[in-house]
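Next come two complexes built around subunit A: one with subunit B, the other with subunit C.
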Partner chain A sequence: MPLLELQHSLISALFQRDQLAEAAKRVKAQGSLSSEQRVGIYRNSAHGILLDCLESLYPVCFELVGTEFFGRTAHNFIDQAPPTSPFLADYGAGFVNHLAEHPALQEMLWIVEVAKLEWARHAAWHTVNQVASDFAQLEGLSEAQQAELRFQLPASAHLISSNTSIHSIWLAHQEEYPEKPQFEKIDLQEAQQVLLFREQRRLHQTTLSTDDWAFLQAIQQQLSMGELAEQFADQLPWLFSVAMQEGWIYSFTTTPPA
Partner chain B sequence: MTPNPILGCGIGLRFQHIDQILADKPPIPWLEILSDNYLTPGSVQQDYAIEIAQHYPVTLHGVGMSLGATEPFNDEYFQRLKALADQLHPAWISDHLCWTSAHGWVSHDLLPLPYTEETIKHVVQRIREAQDRLERRLVIENVSSYLQYQESALTEWEFITAVAEEADCKLLLDVNNIYVSAFNHDFDPCRYLDSIPIERVQQFHLAGYEDKGTHLLDTHGHPVSDSVWGLYKLALQRFGALPTLIEWDNNIPSLEELLAEAHKATEAHIHAFA
Partner chain C sequence: MQNKQIITATLMAIGLSAALSVATAEDKKVETEKCTGIVKAGMNDCAANGHSCAGKAAKDSVAGEWITVPKGTCEKIAGGTVVKE
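Here is the complex of A and B:
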């Protein structure tokens, strides 16, 4: 049989249980294991690798739903959405939507919100490094350049608005935070706005006040300095100062957005 | 830039140990970097790999080339791997004699090939192309396996020898994989070792397996078993004290425990030629 057909048959069995018997026709039965059991070893192994991957991407969700539920849901996801990229870091984004559609989670969609946060952490970690602007150059800008001045968040930044307390839930499941909140005492219905970004080898995750959230959203929408002044009026110096101090603003441009 | 020489017994770099290694700079003869985890250009992951390579001799070891696949190579994968190699200057790049992709899907698991003359021709052409793309000779590793295809007409050692000779590549002999496959397919692992051309072998891998009762599973989650240490000693006698690496991917132990396992391999080197 041509190699192409053989490989098509075997990989189908890895991600479609009902293809195991078909793939097994190409495999020798040896010892105490049937040919179907031998193909099954590979199905289990491939699923195991991807399950480990999803567990490492969504560790808090894993703890929240438990080993059995997470495993069952992950195996279904793996069969429905096998990897198509050789880069394993690309795999697993769709797991959030898979959780969102799960009937058992319809009354606990806050778990899906935590999953969104966990994927954002993964994406922020893998964002390509960028060079920070030299803010001293702001002093030498012409009037025309100042009119077009726009600031930028770090490329890794994710602004996440949630109707649940995702930051607190996440913190409650971190071993390394001694003053972490007790999960039982968290008000799950508390809305939180979270900023997540990477600074060199460290991920920062923080909740934002309503004003800071609005300001960073405006920055992300590429409003010019003039537009920011109009929107935030007297608050602007303070908001800007906090954002700079916290490292939330990473660069600037004087070129109008495309 | 000439890569630093790879000598003695090293360990596979695992993310859990990177900060400790960079902070303490323990004496490790060399490190094998899992290339697939460091392929995003300009990422913090690559920053770590570059810093490691500034302090230790390294090799790049991957699972994603899919050398035995029938689909065209993934251009982006090779571009990123070549770019990584150009930055790290590894002593060599290795991957597996297997396939990982078909039908647009990627298994991320090492799937065995049928051992036939037709497959040899196909894989040889693919390895040559991979070597051209990376502008270096590849080192190819034998995989552990749990099945044999109906159409296989050759033994694994006949197959791997023919591929290495015709593609003019080097071999990474995973002694644990030989032991696991020998158990699972009821062949003599010593015969395997005795059939591999000495001059082709560049490196050894050692790892731990799990006994599942009906078969041995190559989990990389346990210490190297006594039986594999025994086979390793035979390999040293046949092929010489080649660079050896301890692989540990699951239930990852402390760095100290991992280095202690590598030290056992060093002792085996010494005793083999005492």
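Here is the complex of A and C:
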């Protein structure tokens, strides 16, 4: 059998239980271990690593649903969606949709919302660093250029709007926050808008007011300074002040988006 | 306010906030040093002792595993040795 075919056969066995016997035909038994058991060691090892990975990506969901449910759901997910990238940090995005489709969670979709937040935290953490603009250069712009200015959030920024109090639920499950809310007292139906972004080695996660949310969405949609002035009128200087001081705005351009 | 006035006021607000952020960042700059002999297993900052990188220290308080601390702190910690660079 060509090596490539042999490798595919083994990979199939790792992520499809019913292919295990087929792959085992090419493996010798040794000592007390049958050939299927020997292939099974590789399957268990691959699943174990990916289960650990999913547990570390979704620690609050893990706590919310418990070890047994999480383990069973994760093993099904691993079989359905094995890694397609050699970079482990790419793995696990699809777990959110997998949870969303789980019949047992249809009455508790707030858990899926928390999973979305946890994946966004992971994605924000692994975003490539970027160079911040020098805002002193704004001084030399003409009036026309000023009206065409467009601003950017940090590349790692995620704006998440949820009909569930995802930020409070997440906080309630963090050991290192002494003033964390008690989970039992959280109103799960409270809608929350959350901004996530990474600043060097620190991940920021904060809830936004309705005004700040609308403003940052407009920034993300690449509205020009002229359009922002139309939309937010005399609130605009204040909205920018807060956003700049909080580190929500990272760069600017005078070039219209393509 | 007219749009032109709003834009002028906004650019002033951005300029002030940016200047404030730079000043705060300057204030926050702290001189640091590498400190060995005090690191808990798995909590080291970067490569040393034959392993690849941060978080790989296998035992507590091993010489050669370091973390970054504010300058002057290391010599105040029992077992701490400043790494000469």
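The rule is simple: the second predicted complex is superposed on the first by the 258 of 258 C-alpha atoms of A that agree within 3 Å, B and C clash if a C-alpha of one lies under 4 Å from a C-alpha of the other, contacts with A are read in each partner's own complex, and residues count from 1 in each chain.
Note that contacts are C-beta pairs under 8 Å (C-beta built on N, C-alpha and C of every residue); 3 or more make two chains touch, one makes a residue touch a chain.
Keep in mind the model is a prediction, meaning the values are calculated, not measured.
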| item | value |
| --- | --- |
| Combined model on subunit A: subunit C and subunit B, fit or clash | clash |
| Touched partner set for A:224, first subunit B, second subunit C, both or neither | neither |
| Touched partner set for A:136, first subunit B, second subunit C, both or neither | second |
| Partner chain in contact with A:253 - subunit B first, subunit C second, else both or neither | neither |
| Subunit A: partner with more touched residues, subunit B or subunit C | B |
| Touched partner set for A:152, first subunit B, second subunit C, both or neither | neither |
| First, second, both or neither for A:16, with subunit B first and subunit C second | neither |
| In the complex with subunit C, residue positions of subunit A that touch it | 135-136, 138-139, 143, 146-147, 225-226, 228-230, 233-234, 236-238, 240-241, 244-245, 247 |
| Touch list for subunit A against partner subunit B, complex | 1, 3-4, 6-8, 10-12, 14-15, 25-28, 30-33, 35, 37-39, 41-42, 45-46, 49-50, 52-53, 82-89, 91, 125-129, 198, 200-201 |
| List of subunit B residues in touch with subunit A within their complex | 36-37, 39-45, 47-48, 64, 66, 68-70, 74, 77, 99-109, 111, 113-114, 118-119, 122, 146-152, 184-186, 214-215, 217, 250 |
| Residue ranges of subunit C in contact with subunit A within the complex | 1, 3-4, 6-7, 9-18, 20-21 |
